[in-house]
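Next come two complexes built around chain A: one with chain B, the other with chain C.
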Partner chain A sequence: MIEIKNVSLRLGDTQILQDVSLTMPKGGVTALVGPNGAGKSSLLSLIARLRPLQSGSISVDGLPVDTTPSRQLAKTLAILRQDPAVASRLKVRELVGFGRFPHQRGRIDANDLLLIEAALQQFGLMELADRFLDNLSGGQRQRAMVAMAFCQGTDYMLLDEPLNNLDMLFARQLMRDLRAAADNDRRTVIVVLHDINHAAVYADRIVAMKAGRIVADGAPAEVLQPDVLAQVFGYDMNVIDVGGAPLVLHHR
Partner chain B sequence: MPDKRLLILAALAAVVAVAFMTVGLRGNIAFALELRAVRLVTLIQVGVAIAISTVVFQTVTANRVLTPQIMGLDALYLFGQMALVLTLGSVGYVALDPRLKFAGEAGLMMAMALVLFLPMLRRRFDIGLLLLTGVVLGVLFRSLAMLIARLIDPNEFAVVQGSSFADFNTVRPDLVVIGLAVTTVAAVIIWRLRHLLDIVALGADSATGLGVDWTKALAGLLLLVAALVAVSTALVGPVTFFGLLVVALAERIVDSRRHRLLLPAAMLTAVIVLLGGQMVLQHVLGGAATLGVVIEFVGGLVFLAMLITTSKL
Partner chain C sequence: MPSARLVVATSLVGLFVLSLGIGVDDLPMGSVLTDAGALQLLLVSRLPRTVAVVLTGAGLAIAGLVLQILVRNRFVEPITTGTGQSAALGVLAVTLLFPTASIAMKTLGASVAALAGTSVFLSIAHRLPPTQPFLIPLFGLVYGGVIGAAVTFIAWQTDLLQYVDIWTNGEFSGVLRGRYELLWILAAMVALAWWVADRLTIASMGREVSVGLGLNYQRIVQLGLVMVAVISSLAVVVVGMIPFVGLVVPNLVSRLMGDNLKSALPWVAVTGAVLLLACDIIGRLIRYPYEIPVGTVLGVVGSGLFLWILFGRTQRA
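Up next is the complex of A and B:
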């Protein structure tokens, strides 16, 4: 369970997060949605201890993120940031293997090799496995980063806009993989999404943020209502029902 | 299973070392061998220190055209020499206990490196700011050194001028043992951290996500870099581009930034270049040029070539 209590974040004169409290039970896919600058990525960074906590408290599986040793947290929680800097002259297989670092400190055994191969297979990276990262397209690199996060094998996975740069085939595939990780492996997935229709189909719960606050929280059918969407994103959009799932016509 | 390219490099380094000890040996053989052995150890030790400190610094800053020496440390060294001559006079400067002088120089340079690198411990450090600080401090110390040069006696200036360029010739048996100890300890620690260095190369966010305590890891690594730079500068004087040259070469040879390959490759390349260069200058060109100047010239050209050809640094 992830427990966020009264978290605020201030950078210079800007209030990024204001008194955010949120509880996410173990299991399931939670989507964070909201306009640019709503504080979604900042909240994710705070949960993943990439930023120091200014006020409030956050714990993952009972481990407070600000005092638990980083290595111990890395076995519980994996984070994928938006466009992470990628070191040069590194092969895809090597990068995916880095996901095992928290467990092995660099010594790869037979079991790790199996996990690495499985992750490469799962994300369609077999043909790219021995290519250098700096020779790949943005989408291919993104897939390699996601594969590394999966390979870390943690109960909790935080992903910040993982669909960036992915084509439709791989975007759909990734969302299905996240769903499968939650359903089959009992993993807990928290994902920042801009494509609200992916959230509608694959998430169990949608948390909508605006200006550093949580403005809506619930099952997709509850949150994806025209009045809520207008409040969050600032313009009117139609929502239709397609086979029981809401489809937001946000582009017209 | 050692890498084939590493084995070739190691064999080459061994051949160069043997040749360095034996080529053109004449006169009192025992005396010459002893002299050469001390010089061999000095050169290997300095090469290793510069190579691994450059690799670690480039990894930590995520930048392949930086060397720790660019940060103005050589200017501080020069200023320190000038200040010593000014206060003690050339006779006092020469008479100074070399071990004391060495310890003072090394300590001073480590202190300055730490002050410079301290902002990097904060997560989002600005590489532009860091470089600018380094360059500004470099200019400051260089100007101060020039001011002193104008104030002191020309004869005294001649004494200190000798230490403004890297000097791979002068044998310092009194300092080799200290330098060797520092370099060996640092090299062993860095080798044991090779997997961690691979992760640090991914940047602060990814490394933290993989369980690295970023601030602690960076502080430790930068301290090691500062110690290695201080020791090598105090032993042979300032070298700016040598590290860049050998790390760039080593990276081409093993075609990887993985530290278990890059660290030994860079060390071996440094040893080959230093020993080989010294031999060629001494026996082929008859000591017509100074190795330090030649290496800086070639290294500077490599630096420019990397700036021009690499679109993404």
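Up next is the complex of A and C:
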């Protein structure tokens, strides 16, 4: 379980997060949605101890993120930031292998090799495994980064806009992989999404943020209502029902 | 690239033997076993010089590699971005305050100054906009130039310019047994860097990836700073500043073998040794029996190699 209590964040003169409290039980896929600058990425960074907490408290599985040793947290949660801009000339297989670092401190054993190959397989990277990252397209590199986060083998996975740079086929594939990770491996996935219709289909729960506050929280059918969406995104959009799932016509 | 590795490894062995054979006195290899004078020459002069070149080349290449990781910019190296100049300032200060200080004391003073100078460089470099990658090396050159000017000014005021020349122009002609042994610390630094190779590779992916993987980023940065400062100071105090090794070699090895340092880092060290050894030999042969300082040779060879790296980079992209 992830427990966020009364978290506020201020950077310079800007209030990024205002008294956010949120509890996410273990398991399932939670989508964070909201307009640019709503504080979604900042909240993710705070959970993943990439930023120091200014006020409030956050714990993951009972481990306070500000005082638990970083290495122990690295075995509990994995974070994929938006646009990690890795400039190192690593081969895809080497990069994915570094996902095992928190467990092995660099000594890769047979079990790790299996996990690495499985991650490469799952993200369609087998043919790219021996290519250098700087020779890949943006979407291929993004898949390699996601595969590394998967390979970390943590109960909690935080992904910040993982669909960036992915074409439709791989975007759908990634959402299905996240769903499968939650359903089959009992992982807890928290993902920042801009494509709200992916959230509608693949998430168990949608948390909508605006201006540093949580403004809606619930199952997709509850949150994806015209009045809620207008409040979050600032314009009216139609929502229709397609095969039992809401489809937001946000582009018209 | 097994063929590149083979070439580099055989070059090291070949150049090592060649370096032992080059000097004003003839030293036929067969005579060492029978002639006491020849053996003496080998052990007192030729072997120490060759070992010193190998250690310095390996050390400078690793220092360049580590600094490039800390700054996250491939176009910096300690000798031109303030570390070397800070080290010179440190030796100068120790020389002025304690004229009888031993070479170890001077190295210590240089290391402390180099650590401070590099820390300042790093903290400013991290504040420069990442969208302008060439600002960092430019800033480094200016920063190194300012500290270098301070060194020259103080030395001029205190009549120590000749000393400063020894620290700023790297060359190995003065290396004899008993005057280079501190350089073995460089071997320890290279070994330390290899020991933490995985951590350095992760650090090269940036702070956020490092923290996400449970690496203590702050600590690896501190360790890296110490390695860069100690290596550069030893080089400056014992042999003088040698440019380009730390800049060119890590880029070259990255091109050929990638940045997974567990496998690439030893080759950075070996390639650094080969480059410096080759340049030292060129400097000794070009106007035999006189010598051209290795720093000067590297200025020519290194800038050529650097241009080749830049040119190849654009061609590939």
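As a working rule, the second predicted complex is superposed on the first by the 251 of 252 C-alpha atoms of A that agree within 3 Å, B and C clash if a C-alpha of one lies under 4 Å from a C-alpha of the other, contacts with A are read in each partner's own complex, and residues count from 1 in each chain.
Operating definition for what follows: a contact is a pair of C-beta atoms (placed from the backbone, for glycine too) under 8 Å apart; a residue touches a chain by one contact, two chains touch by 3 or more.
These numbers come from a predicted model, not from an experiment.
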item: Clash or fit (per the criteria above) of chain B with chain C on chain A; value: clash
item: First (chain B), second (chain C), both or neither touched by A:74; value: both
item: Touched partner set for A:89, first chain B, second chain C, both or neither; value: both
item: Which superposed partner A:195 touches (first chain B, second chain C, both, neither); value: neither
item: Contacts of A:61 with chain B and chain C, given as first, second, both or neither; value: neither
item: Contact residues common to both interfaces of chain A (with chain B and with chain C); value: 48-50, 69-75, 78-81, 84-90, 94, 98-99, 101-102, 105-106, 149, 152
item: Contact footprint of chain B on chain A as seen in their complex; value: 45, 48-51, 69-75, 78-81, 84-90, 94, 98-99, 101-102, 105-107, 134, 149, 152
item: Contact set on chain C toward chain A in their complex; value: 72, 198-199, 201-202, 204-209, 211-216, 254-255, 258-260, 262
item: In the complex, chain B residues that touch chain A; value: 62, 64, 123, 194-196, 198-199, 201-206, 208-214, 251, 255-258, 312
item: In the complex with chain C, residue positions of chain A that touch it; value: 48-50, 69-75, 78-81, 84-91, 94, 98-99, 101-102, 105-106, 132, 149, 152
